[in-house]
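Chain naming follows the written order as A, B, C and D, and within any one chain the residues start at number 1.
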């Protein structure tokens, strides 16, 4: 009996709402924290049994990117998601998928709608993302136009069906906001990889909502030890590049020589990577500075 | 120098049009017919060199589903395709993909349009497919409404962009007919698997057009021996089930006993699988009958 | 509660012996026949519910190579297998694997041994396979030498370990007959593909033993409807090439014209593919003849 | 014409020796640094053309783990490698493989041998790895015994072949040191992933030799910009866990309060993660300390 059997029973078919009309729900799960341990022990042998308890072993595996034991658990979800979001989702290739077919059946009569305060501006600094919320007055207009357009789209679709157009052709102008549904089955390692990418601040808000729901409502209760290790060693970790490593070493050396504890912007610029020095704007330098501030190595300036 | 170097040079970046505004074009190719032979020889050893010329070896490999040597060639395409069609395309997981991003860039200002004589009715016998063409008069109306709707969709999109909505959000109601572009790179074995499924009569007409173009305009000239073997042993082959094999054996026995050469519908029904006998309608029996008629084992009735 | 829950409980951790010291055992299973149906219904929609019962739907999916619903079930095995056999097994890439590590632990002290009547000669007709059993007297000598060699191999390994050689290096001369163990997790579709290839008469006897055991002892009881469809439509099916299809059509035409029911070798040669006609030996012609004899279309000659 | 065409021509079929009788050689390559850029531009659109030159874009993609553009280049190698090493190699699933078949052909008559000064002791601190070299006098004996054993193994194999045993069975006791050969084809992203794991200090020396040779002799000259980015952002990067990030923040705070520039072991222990505090031995604490010493944040103690 898996240790998460009761949790799985409680979760199964429970719909966790996402967006205005989407959801994720657990259909089935194979394995628990213990399954990861079990698989690791066949690789790493009897020796590990003596020195490690399960939590320590799971954390060791996660920290050192020993990924195969995490492939030994499997999760199957049913998700309801706008096609626009699904277009990003499906790019993760290591999963099994059965999607609702609009060749066989009429398209689902639901589209993702946006409330007046839900519109976002283009990010200034980030070519791919969103920035501040849009003014609500403009938002109200956009939401009204969205509703009218989606109603027109559905009307067009239904008129085609009524005119005996084949479903596979009638669907061609459905808006990307149309909801679809799919069974999605994936091993735990690849699911965590999906979550790491899609819970990230650079991911689009809509898919982040799905990823966070899957992570926090389903993976965390089913695999508490794995989830804890994932958060500590992957999700909330920080990678330093070779340039950043060497910069920090120069910085600590400089501070030690000067007998000072905390670096200033001038210190940072003095030890920056030589290839950055001539650049007025340098995205990599900005990223590095942010990391050092986060680590407390540079004073946060006002 | 690969044997297809001149062909590859002639094909590269040549756009083969598909649908009203789509295309496929060869970006790059690794390998030729000879690469398949080369890889097979490392597996099957020196012995094969003596008994087989290249064509015979390639045909042997294809006939016996020795698929790995065909993975040793690789093709990279640039394709322009409606998102609706791309949704089916992307379900083939064993490929490398870089798609045009409507988060980074404005959506391509082109949608797939349907001419008045291009509308298809729902198939009567096939829940997923299309049947006869729709009456042109109705088609003319449908095409007009399609054009108006697509213009409205673009106007909505551009109004959102003008209102400073983030591109990743503005795109949410683009119609599935909107064109996208992608680099798509795949090994030859998996490409042939894609083509076998998507050139099939059950595939939707739009993706069949892409598949046929890729097969006939690009794969055939680059890999003439492989293509020939693929057509002979996969694309135009016919699979018989255990039930059909046994039925044919009973049928030939029956005819031999009766001293007759060609079977009638009554013969067919007399030797049908016992599990079909009680069914008034039986799709599997119909499929079997069609195969036997194709093989000339049953008389084609009027 | 899956319909195979009791069967799974009865099977779990039951060791099915294979070879002299190997085994396969079920560790876990996700899904049952019903899971395939469930996934298909999301794709093929409500309509299918009305016209098909589950068995019919599963058979339809298998017959028409609608493979994705079969990916919705997952099986995890623990296997004990000689490394030589494992080298073939691991070539199937779509699986999750955790193998016993001889870097972390001492190599398993067991090797596959061959009884005096277990030695096989090289096949005459088949460059890759085995033929008739070897004479038992020779076999007795071979088995004795095998035993002496394996004992020497173990002694060498243990002497290295005793001399403080690193395990990862000490193992370098272990014979391929050494047993290894692995957790092996795979979805049902890919498992059936593995079984189709490895239960085939062209597969090596050792891996066929494993494949048959997995198929008949584990898959069949857990997924009875899927297994039945797999046997009927894949394992015991027969594929005809374009050349063979056309040959049969010519043959039935010829017989009909002649008013005869059963073809002779002369008939076969008269309608053979034109490209075969000039060849004294032609493997493809031989393969075709065997198929036609099996179908009763040509008389079996003495 | 790819920018690396001349380099590819110079490298193709050049054998780079590895171990005593192994090699890696380039068979073919698709793409160059520019192919990565080309693929990225379709995703990231026109905008990127203006702000980034190619090197900057490649570095940005690598730094931010935008991996798909690196999948757009492909490399095909022919490698000769001991089966023991190949067993680890083949665990990387995202590659195309054609291996020399000892069912079709006689096994290659070459085994990996170890010189007297090439034997390694078991690592004390690392359950999976090697430690100091073994005494040469013992090494001389081990090498002599290795040679005798390998000769006996070959004699046994050849005696079986002479006795007409099928090749597929005769091979069963070949030592893992026996060389095999394979074509191995992989996209650049997955190759870099392979190299990151197999050039790592935790990988076994033998496969590290192969990985380093592939990286430095083949990938670096063919893809100089990608290689540089890979070294800077992946190979020589350093990942900090959540626990380590927070520890560093506490440490810099403590030093700032104390007006000191460099931390001592006592400082480190004072700010260590609370969950480590009660443990006498804690591998994670040791790993953290090593990282902080490398960054110059803790004084290196004698």
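The working rule: a contact is a pair of C-beta atoms (placed from the backbone, for glycine too) under 8 Å apart; a residue touches a chain by one contact, two chains touch by 3 or more.
Owing to the predicted nature of the structure, the values given are computational and were not obtained by experimental measurement.
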| item | value |
| --- | --- |
| Path length in steps (a step moves to a chain that is touched) from chain B to chain D | 1 |
| Chain whose Cα centroid lies at the greatest distance from that of chain B | D |
| Pair with more cross-chain C-beta pairs in contact, given C-D and A-D | C-D |
| Intercentroid distance (Cα basis), chain D paired with chain C, Å | 33 |
| Distance from the mean Cα position of chain D to that of chain A, given in whole angstrom | 28 |
| Two or more partner chains touched - positions in chain A | 44-45, 47-48, 97, 101, 104, 127-128 |
| In the complex, chain D residues that touch chain C | 82-84, 87, 90-91, 93-94, 97, 101, 103-104, 111-112, 114, 119-123, 127-131, 134, 138, 142, 145-146, 149-150, 152-153, 156, 159-160, 163-169, 171-177, 204 |
| Chain B-facing residues of chain D, complex | 28-31, 35, 38-40, 42-48, 68-69, 71-72, 74, 76, 78, 96-101, 104-105, 181-183, 185, 187 |
| Complex interface listing, chain D residues touching chain A | 44, 47-48, 59-60, 63-65, 127-128, 197, 202, 231-233, 235-243, 245, 248-249, 251-253, 255-256, 258-262, 283-284, 287, 294-297 |
